[in-house]
Structure formats: structure tokens, C-alpha cells
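One chain, subunit A, appears in both complexes that follow, with subunit B as partner in the first and subunit C in the second.
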Partner chain A sequence: MIRNNDNISPYQLAMLVIMSIIGVGVFNIVHVIAKFGGNDGWIIMTAMGIVHIFLAFLFIRLSCRFPGKTFPEYIQEILGVVLGKILVFAISCYILLNLAYEVREFTEVAKMFLLPRTPTEVIIFALILVCAYVVRGGVESVARVVEITFPILFIPFFLVLIPGFPNLDLTNLLPVGSDIGTKFTRMIPHAPHAFRGIEYILFYIGFMKRPQRAYKPVAWGLIFVTGFYTLVSVIGIGAFGAKSATKAIWPLLLYIRNINIPGLFIERLDGVILSIWVITVFTTIITGFFIVTYSISKVINSKEQKQFALPLMMFIYYLALQPAGLAELYEWGDWIFKYVSSIFIYVIPIVALLIAAIRRLGVKKSEDF
Partner chain B sequence: MAILTGDTVMLIDGTANIIVIGTKGWPARGISEPTTEAVIRGPKEGFTETYRFNSALVRRRIRDPRLKLKQMQIGRRSFTDIGIMYIEDIAQPELVAEVKRRLSTIDIDAILDSGYIEEFIEDNPYSLFPQIKATERPDKVAAALYQGKVAILVDNTPFGLIVPATFNSFFHAAEDHYIRWIPATVLRMMRFIAGTLSLITPALYIAVTSYHPGILPTELVLSIAAAREGVPFPAVIEALILELTFELLREAGVRLPTLIGGVVGIVGGLVIGQAAVEAGIVSPIMVIIVAVTAISSFSIPDYSFSNAFRLFRFMLIFSAAFLGLYGMILGLLLMLGHLVRLKSFGTPYLSPFVSFTASDLKDTIVRLPMFMMKNRPLGIANDKVRMVNNRHEIKKGANIKEKEKGEDHNDKE
Partner chain C sequence: MRISKLIVILMLCVVVLVGCWDKVEIEDRIFVLGIGIDKAKEEEKAQPTDRYVINFASPIVGALKDGGGETFSVDKTVSSIFTFGLNQMYERIDKKLSFQHTRILIFGEDMLKDERLFKEVLDAVGRSHEFHRNMYVFAVPGRADEVFKVKPKYNKLLASYVAGIAENNLYQSSIYKMPAYQMYDNLINSEGDTIIPSLRASKEEAKVSGLGVIKDYKLVGYLNDMDSETLNWLNNTASGGVIEGKYNDILIPYKYNDFNTNMVLDKVDGDKIYLTYNMVAEGSVEEYIWGENLMEQALLDTLEKNIETRIEERGKSVVDKFQKELKVDLVGIAPYLRKHHPQVYSSIEKDYENFFQNNMVIKIKAEVSIRRVGTIE
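Up next is the complex of A and B:
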């Protein structure tokens, strides 16, 4: 009756997947896709999405070996307590860095389009303060916020995209599939840029009552994300062509700015979209931030994760203020996502799974879903 | 002495004892129409101050021997009667036990209204949002009991309490279930829209005019600017002046006798509204904004719930003044972050919107036809099945055929 369990439902897991991966990067992703994938970027995006679904299945398989335990708990069984704790700590630091990047990127977008005269510090501080408040509520709060904001965010977003379709010139996508091999190899190092946040799945599955039931929601969540990215890249490339899309930093916002709906009393939709896009940045941050506070609490063997929210918030604040400007931020980002992210997203989970398999840890067969 | 205070004395021949029968009667307010929750269609009885009348009103609607009324007394000096009502096989025993446990912790000298009880047993008394529903309507209490909720009746007050209460239920009026479902759905949606408007309209206006005039068409910006010309204050101060005036008027109007209440309307509406605009203190658009907000906030059915919205509105005004649309959205997210944490007796406050089952969404923003709501909502009930859909029977066995046209009839004969 008193349902104060720290559990999440399969539906909530799907929402967590979607809302943690899709962040402020959406505006920039079109630029990246157009730069490295050219006019075939959307095909590559779809292909990468499918690969990531299988990657996520590996995460689930790993979690299924340790039902009822979360990643920071069972990694200590796999690698031993000391090494496990170091690893969890490293992941937390990486996610903190990631969040700081996210916050700062959003702040730069917001400064450009919404609040040109407000100091960066104020924008960042207000945002992460609200995030810290939600994270203090625990996994239930995070999952519920994500669950509720999903329709609030995406329904208006799609509604806004549709009226711009006449502006699209789909011939920009032609010729399909020429020289796709090189484009692919150029694009692959940037996969973590689009799909960062997928590693959060590893943590959240642990909060499910039956991790075996995670396959479906995770698959649906990632299909949505892939579909969304594909749609966005088709729009970006279709509207501007691969070359011009490369020139703009946020092609999608330009696309939205150019939409004019006759009879509507709102003239520039980008401001509106950007202000509801605060929500997605917010959800990306709370999903990651919760993981950090939770992991740290496991590293220090503390029962509660609440008290870590405010101190760690200061770290995000500090890190987010480090880059001097947008150019430095994106330089930073390139470095993080090319090298650091790949280790945490791909290498560590797979190695952990291998070690667990070799050492025969946990429940071996758990195919009863 | 007993006779003089209204008791009956029974003397029986041959016995030495006298039986004193307590037959005191006292003037009680009769059952009248509920003032805060009036309906156009539906029962017009409301609770009254006499506890026994109230329990009888509910009992008349639930003639089930499993309807339980557990009575207790709270108040070291007042000994106020408190009744816990539930239907035994629908309400979960854990919920009933929890209500009893929380009630038994109350130790106070007097209980004068159910509001006392509410504050003592709420999950989070520091929240702006009420987590217990107070109602004057016996039919609402009965409907809640049929859903597996628990009602608390308190002597000397016409307000019963219903637990658990959810965000959603505060937007529902009793009438929603008595009128046909399509208008009921539309009205409900309007109420949700009104709730949103009453929260964000002033904040939105401030954010757009002072931070992002670019998102409006040029003509509208110009007309707003023209209207604001000569107003010496920034939009926030303007909004605060008018909002405060409105809240003052409302507060003054609530407690005044009806005869003088009308005068408040005239003073407020005509003198302050008109004169303030003409004096150039506020712009006419601001008056419209505040009026829209006011009307919207009146369409939230529950009084204490609309109070929460009132206060949040001011918070949003400040955050919009501080950070524009961005601040407004952050304010709303803060509110959401607070709401997802709230619980009312174990039920998430935002259910069924969070951790939902699709069948519970039938009676939320929309109100689907009765025959589609087969199960009791919210997942708090033990006995899930509420009804069997016999709708198809009506079509199948139609006894009354449409009358054929007169001419055809004659031809056949």
C-alpha cells in the first residue's frame, strides 16, 4: 500500500532512456551528422542506432546476472571492492563532466536565443539548483518527472516541426549511399556524441524489479531516439543541404526559426521551442545527476544519496564555468566524446560482462522473460 | 431536573429505580444545498454540522452491510466525534489501518473543524498542495468510498475528508459524472486549461514583454508597447500591483455580507480597474491578463487547491521577472519536482499520470462513458471489478422498434 519502493516500471525505463539520451545536443547533432556523414548522415544514424540497441542488450544481459543489484553494487563483486569503487568513482567523474558540458552547451544556446544579457553564472546556477532539488527525491522522483515531461516536450516539438515540411528539399539527400564506407568510418568516432547517456541504462536497470523485462522498453526507447535523430537529420540536411548545414552550429534552430505559421500569434517559434527545450536539458541532467549521487553514495557506503546532491552540484557549476566560450566548449566536447566516452560507454560494460562470464559470477541463465 | 433539560423520565410501578432516557434535542441546521460545491445536475444535499446526519446521508447511498463506520473521539476536552468510513472489502486494510494510526496520534484539547484533523494527518504539511480532499457533498464521499478510499467525518463541521487525494481529483467536480460524458470531458479539459492559465498567464506576459518581445508578431508588440506607453513601472511591478489588488478584492468579498459584497465588485471593477488605467499606473492589457487569470482560477473546483495555485502564480511571476521564459519553465519544473515527491497516504499525488496503468486514465483529463470504466481506478481498491459492460445488450434486444412510416404501414395491411 505505502508504495515507497525504489523501483521503476518498464514504461519509466523507456522514458528514462529517451530523455537521458536526447538532450541539448539535438540542435548540434545535425551539424555533426552533416559534417561527417554528408547527405547520407541519416542512414548512418539509423545504422548506429541499431548497433546501440544491441549494445544496450549487452547492458541488460550484464544486469540480469545480478538481479536486485545496481551497477555500482555488482561491479564491486566483479572487479573486487577497491577496483570496483575506483571505477564507479571514475564513471561518476565522467558523468559529472558530461553534465557540466550539457549545462554549458545549453547555457550558450540560451544566451544566444533567449537571454542575451543574463550572466552565464545565473543561468547555470538556477538550472542546476532545480535539478538538485529533484534529484534529492530519489529514483522515483527522477523517473516520474521524466515520465510526465515526455509528452509535454515532444508533442509541441513535433507539432512545430510539421509546418516546416514544405520548406524541405529532399533532393538534398541525393545521391543516396555514394561513398558510404568512408563516411561511415568518419562518423563512427562521433557516435558517443549522439548516444551519450546510453550508459545510464546500465544503472537504471538495477532499479527494476525484474531486469529481464527491460529488453522491450529499452529497445523501444532507443528506437524512438534513433527515429528522432534520423528525422532531425533528414530535416536538417533536407532544409539546408549537407554543406550549409555544416556552416551553422545549430541548424535545427535555424530551421525552426524559419517556420512561419500564418494566423498564429507567435512569430518566432525558436524562442518557444528553446524554452520548452529547457525541459529536456533538465531531464538529461537529473537522470545523470541521480546516477552520480547514487554511485558516490555506494562508493562511500552511505545509505542515502540525498546529501550528495548539493555538494556535487557545486562541482557541476564549477566545471560548467571552465570553458571560456562556445568554441572552447566544443573543442572540449570533441575530446571528451571521441576518447573518454567511448571507454565508458563501450569498453567498460563489455569488459565487465566478459569478466563476469569468465568468473561465472551471478545468475547464469536468466532468459525467462 | 432531568425533565427540565430535555430528558424523559420513566417511572415504572413497583420498582424503586427511575429510568432517565436521554431524549435531548437541539436545534441543528437542516440539510441544505452545499454552498461551495453547487451543481446544476445532481443531488443537492450537503453535509451539515451534525455528525449523525452526515453519516446517515452517506449510508443512504451505500446500503451495504460491509460499509463500516468506526467511531472514535479526539480532543482531550472537546471529545469530538470522528467517524472513519470505508467499505470493508473494497478499501485496502493497510490504508484503513494507516488512517486509524494517524488519527490515534492526534492529541489536542479540541477539534473544531476537519481542517484541524487534515493538518495533523497530512503526509507533508509544508506543501502548498492539499493532500486530503475536503468535501461538503455526501455523493462525493460515497463515490470515493466505492473507489476504495476512506472518508473521515467530523462532528460540528459540514466538511468531510477523503483520503487518499490526488492532483487529478481536485480538478473533478461532482457533476462530471452526472452529465453526459462528452460535455463532461470538454468541461474537464477546460478546467485543466484554466488551471494552467491561472498559473502561467501573468508570468508569461511578463516574460514575453520584458525578455522576448521578438517571439510575438510586430503588430502585437507595437500594440502592447503603445498600451504600455506612459506606464512608469516595469511589467513585474504592474502585474504585482494588479494581482495584489485582485487578491485583496477577493479576500474582502469572501467575508462581506452579500449586500455589501456587490459594492466591492463595483469599487474593484469600475473604480480601480478603470481609474488605474486612466491614471496611467497600469496598462489595459495588464488588466485583461489579470482578469483572465482571475476567471481561470475560479474555475478550479476545490478552494484549498486553488489557493496553492494562487501562491505558485506569484512564485512564477517572480521567476519570470528574473529569468524570462527560462525562469518560468524552471519554476514549473520546480513545482513538478515537488509534486512528484508528494504522496497522499501512500498513493503518488500525481497518479495516475505517473506509474500509470492505461485503464486509470479513463477518468482523468477526460471522462469516458460510464460503461467503459469497468474497473475501480487508482489501483487502491481490493475488489477491482466495478461493473460489467452490458451496453451491447441494449442494442441486441431492442423491444421498441422504430415506427415505420404511416404509408408503408397502410400498404402492408
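Up next is the complex of A and C:
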């Protein structure tokens, strides 16, 4: 039997959405939420999650106009070949930068807590080499790895969070909703901090047999992500209060370090959570890395994407080593997520959808929806 | 092509097989269970720049297993910077220090009176990834190294002995329990105010007795045992203890195992704020006098009234102490107003300290129930 290996199932799409959005920032996100959203950060996070679900529906709508095609292919129809290729190349560069950021943040945290004497280069190299190997396997292997790692990641993650619940003081969430308007406006520019990776949907839907069936898994995936962020921010703010949570760079990690289970064979749980967290980083990188290789192959018009994995790995490696340290990395990250990400996540897909609608490109309404 | 593949594989071998950079065997670790920090006296200084005297208590694993001999050792180091002191230890021991399981952090009185030193150590412990914030914090009226001379009777390890006392606050509320994360939260939220339970040492035992009050990162005073228990009531952190009641000139201990405090804002009148602490206690009386009957609701009602007045008096006196003497709000009013009455809070936030001293009228209302009287009538 000859099998077409370039298909992903709706369930795998949901996993891809979850794993590409929840990334290296899970420890840091509470800091961002508490800093800009104060004690109402969790409400703002929920609201933003809902907005992003509708945004994702727009992405699906765009993809449904071009069934069987991915973003790098149909954007060339929408904008013309030259402009489309330039745009796809720009997006690849941006995602590459994003991956480098993830790799470097992971390395810095791992070096601090787990591997102080292991050279930075070795940690980075080991991580992206494995990623490159998965990505060479094509979309199917990426989807399968993500599918398998989902329960391995989240079940222990929630289990580790539970023993700290008695320490939570939920009155720290009070007063609810005071001055929420200003908090919203302060938080909105930082939305990509939490939801970057949502644009990968544009690419992965093209691999589905029937893109019309993407609504449900994407919605579920994003509901999970929103729920996860809300839970994490309630925990972070509940445990410390918004002011203390802002003071810590990784409040969630501190929360886990504050858990004390005397008598248990592992008294400290931070080692557990950090090793689970490696999986998050890994899946975030492979989902993005595949898109980069795939987009580049479409820019060059080559059939396969796998030959790009190893050369592009070098770029990630080089970019990841550029920031001087964590302070510079976070400064750059803030700038990139605030301005560059917003363009690629919000502006370009919506403009593309508008142009496609105006030029009446693609299938207007598919039959079997 | 084949040769280049081979070269790549061999190069990978070099990287992969070089071994683990971060291997530390568990036998090579010393688990520091207790840290004590003092301000260095002139005669202790090895160099004129030295400022800290740091004591570590760590278990001697061999002695713990086989019995006999000293079960823990105390090492002392003098340094100009806190982290220096930790690293200096490597000149004297053949193992790696590990702070993964540290249980207690003890400050000497001089340290707490020196704002600069206290802030430096706070930052060092709060910032470094090696420390976690699960340890209990204590202040010693005197010097922290006195505690490290104690040889506990019932416990082989000093640190777990002291930590065990802190955990006894479940049964005796005069012990105030203060984990480091709580202290950091207090210090961040109130910009420099917290309480630290105080620890006194004698030859064979240490005793948690009262607490030290920190205002703007400086020790400003102590409260005694009884006030410490009252403060636990006010902050709703009490969970068990004994209150003295009186009936017909007989002293009766009232043993509570549940104590809940609720704060209510009664009214805002002009520039005065009226607050009430509602305290609800539940428990039993298991000591009276031989031959007398305690199974009488009328008697118990009178006794409850008596205990209620006592709680109210004690609560009032401690609140007064904080308002008039110590001039710092550690009785939970600021967080309450911030959380439940944000508008009121934001109007007084700027001049809060002044407002707390002069314009807050605080009432205490206790409700005591005696549910059980023991096994005889």
C-alpha cells in the first residue's frame, strides 16, 4: 500500500496548535501578565484567548479558500509570485529568529538551574540537532512527535502544580476588575508574547485532507492554551500577589520551588518541572523549524524540504549565540514580539484574506463544509 | 561523501562522549541545613573589609547512619560579601555545598539593625538560584552563632530541630511561623515591613519566643510570646493554642483548635476609618477543679464571655502597640483595604503610615464557643 505521508489529522492539528504556542515562555509569562495586567491578568488572558480563537478562525477561512495548499503556495497567488516569495522569506526569517530566541532562553535557564558547567554551545547544538532530525522526517513525523509528547508533558506538569495549592492565597486576585481598561491597553501590545506560534496554523492546515474540519480542533487547542495560561496566571498571582510576581523573572518556577513535600523521596520538584519543560521547548522548536524549511523550499521551488534542515540549523545556532546575556535577550525579545510579531500574526494574514476576498481568489465556499 | 559522513560522525562522538560536565556525586555534597548570619565584630574580622560572620550547620552523614559522635557540624566563615563567604568554604572542605535542603535562615540582631547589610543578604538569598525560599526565618536577639552552639536533646540535627519548633505553631500559636517566601512577599508588598519570629538559645535548647518587628528593613522592636499569639489571631494564621479564662477566681485553660478572623470595614466617616476584627474560636475546656461540675451551659456561657473579653483586650492592646508604639501596619489592614476596598485604599495610599496611626478606629469582636468539656462532668 502506498501511503501519502503528508497528511495530518484534526487531532494532530489541535496538538500542533497547543505545542507550538506553549513554549519556552511558560515560566516567564506570569511575569509579563502580572507586570502589565496586575491582579486582573488572568481575566485579560482569558479575554485575549477568546479573541485569538476568532483570529484563528480567520486563518482557517483563508486556508479554506485554497484547499490542499499551504500559506507559502497561496500567498504567491494572492500577492503575485515575487512579492509572495519575498513575504514568505521574511516570515521564515522571523520564525528563525523566534526559534533562536527560544533556544537561547532555554539554554540560559537550563544553564542556571541544571547544567552550570556544560558549555552553552553544546546545549544549543544538542537541542537543535535532535530538532533537525525530526524536521527532516517531514510534517508527519513532526505531527506524530507532538501528538506523543502532549500527554508526557502536560500530565506531569499539572501533577507537579497540585501540591502547591494549599499555599495559594486567592484573595491576592482581589480587587477584581478595578481599572481594567488601562490594564487591557497596557497588556495588548504584549499579546504576541503569549500567543506567538498561532500563525503556524496557516501552514499546517494546508496538510489536512479537508481543511474545513479544522475549526473544531483549532478551537479546542486554543481553549486549552487559554485555560492553561489562565490557570498559570491564577497560580502565579495567587501565590505571590501581582507585585511579587512582577519581581521574579520566572514566577512559576519560584512557585514550584516553594513547594515542600517533606518525607517524599523528591523533596524539590523544580528538577522535575525543568526536565519536563525541555519537551515543551523541543516541540515548539520542531513545529516552527518545519515551517521554516518548508517555506524556504517553496521560495526556491524545490520538491523536498528536508535538505534545508541542517543548513538552517547553523543559522539558528548562530543567531542564538548573538545576545550577550539574558538581559539583552529579553530586551530584543520584547522589541521583536511587540512590533515584528504583531505584523506577522495579525496584519499579514488579515490583509491576505481581504485581498483574496476582493480579488475573488480560490474557492469561495467549499461544498462539503 | 562517505568519508565526510564518517568525519561528521566521529566529530559528533567527540562531543557526545566527552562526558557529563555537571556530574556531582551525592557523596561529594554537603547539605547545608541551616544558615546563620551575623554582623562581624571588630575582633572577628580577618580583614578590615569583613562585614559578615556566617555559620553553616550541615549533617555528618556517616555519624547519622552509624550513630555516635557528632551528628552535625558547624562551620564558620568571615567575609566581606555574603557569596564570598559561601565560596570561601571551598578552601576548607573537600565537598560541594548544596543549599537544596536548607531549612532555617537565622539573622543576628546587629544584622537586622543594619539596613544595608540586611538588604544585601536579602538580595543574595532571594536572587541566587541555589537557595529556595522554603526555609524558616528567625531573628536572634543577640547573635545568630549562639544558636549554632546548641546541642539539641531530641533531635540529631540542629536545623530540623529548629524547623520542627516552627512547625509546632499548629498546636501553640505563640510560635509565629515565617517561611522565607512569606517574608519576601511581605517585604515586597509593604516595601520593607515584616515580622520575623525570634529565637533564643541556651545550652541544650533553642526557644521560639515572641517576634521581631522590621520596619523599613530595620529592626524596630520585639513583641513577647503573648503578643505573638495575639498577632497570629489578628492575621488569621492561628490554628491552635490555649487561652486563659477565669470563673469564680479559678483559672481555666481554653484550648482552641480552630481560630478564624475576618476583617470588616464598618464605615468611613470623614477622615476616620472604622474597622472590626471578627474572631471566631472553637475548642474545649479540659481543666477545671476537682469536684466541681463543668457540664452546665450557664457556667460555660459566662466562661465564654470571660474569654471573649480577654481576647478582645489582648487584640486591642496589640493593635494599639502597632499603631502607637511601632507605627507600622503589620496587622493586615493595608492588604485588606487594598483587596476589598480599593477606592478607600487608593485615597489614603500616599500617606498611609500617618493615616494608620491617627485615623483608624479598630474594634475587636470575639466569639468563643466551648464545645466539649473532657471526659468527666
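Just so we're on the same page, the second predicted complex is superposed on the first by the 362 of 369 C-alpha atoms of A that agree within 3 Å, B and C clash if a C-alpha of one lies under 4 Å from a C-alpha of the other, contacts with A are read in each partner's own complex, and residues count from 1 in each chain.
As a working rule, contacts are C-beta pairs under 8 Å (C-beta built on N, C-alpha and C of every residue); 3 or more make two chains touch, one makes a residue touch a chain.
What you see is a predicted model, and the numbers here were worked out from it, not measured in a lab.
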Which superposed partner A:268 touches (first subunit B, second subunit C, both, neither): both
Which of subunit B and subunit C A:114 touches, first, second, both or neither: both
First (subunit B), second (subunit C), both or neither touched by A:171: second
Touching partner for A:260 - first (subunit B), second (subunit C), both, neither: second
Touching partner for A:278 - first (subunit B), second (subunit C), both, neither: first
Broader residue contact with subunit A after superposition on the shared chain, subunit B or subunit C: B
First, second, both or neither for A:122, with subunit B first and subunit C second: both
First (subunit B), second (subunit C), both or neither touched by A:130: first
Contacts of A:243 with subunit B and subunit C, given as first, second, both or neither: second
Set of subunit A residues, in rising order, touched by both subunit B and subunit C: 114-115, 118, 122, 126, 267-268
Subunit A-facing residues of subunit C, complex: 15, 20-22, 100-101, 129, 132-134, 179, 181, 184-185, 188-189, 335, 338-340, 342
Subunit A residues touching subunit B - in the complex, by the definition given at the top: 1-4, 9, 11-12, 110, 114-115, 118, 122-123, 126-127, 130, 133-134, 137, 140-141, 143-145, 147-149, 265-269, 271-272, 275-276, 278-279, 282
In the complex with subunit A, residue positions of subunit B that touch it: 92, 94-95, 98, 211-212, 214-218, 220, 323-330, 333-334, 336-338, 340-341, 343, 345-348, 350, 353-356, 380
Complex contact set, residues of subunit A against subunit C: 112-119, 122, 125-126, 171-172, 174-175, 178, 240-241, 243-244, 247, 254, 257-260, 267-268, 270
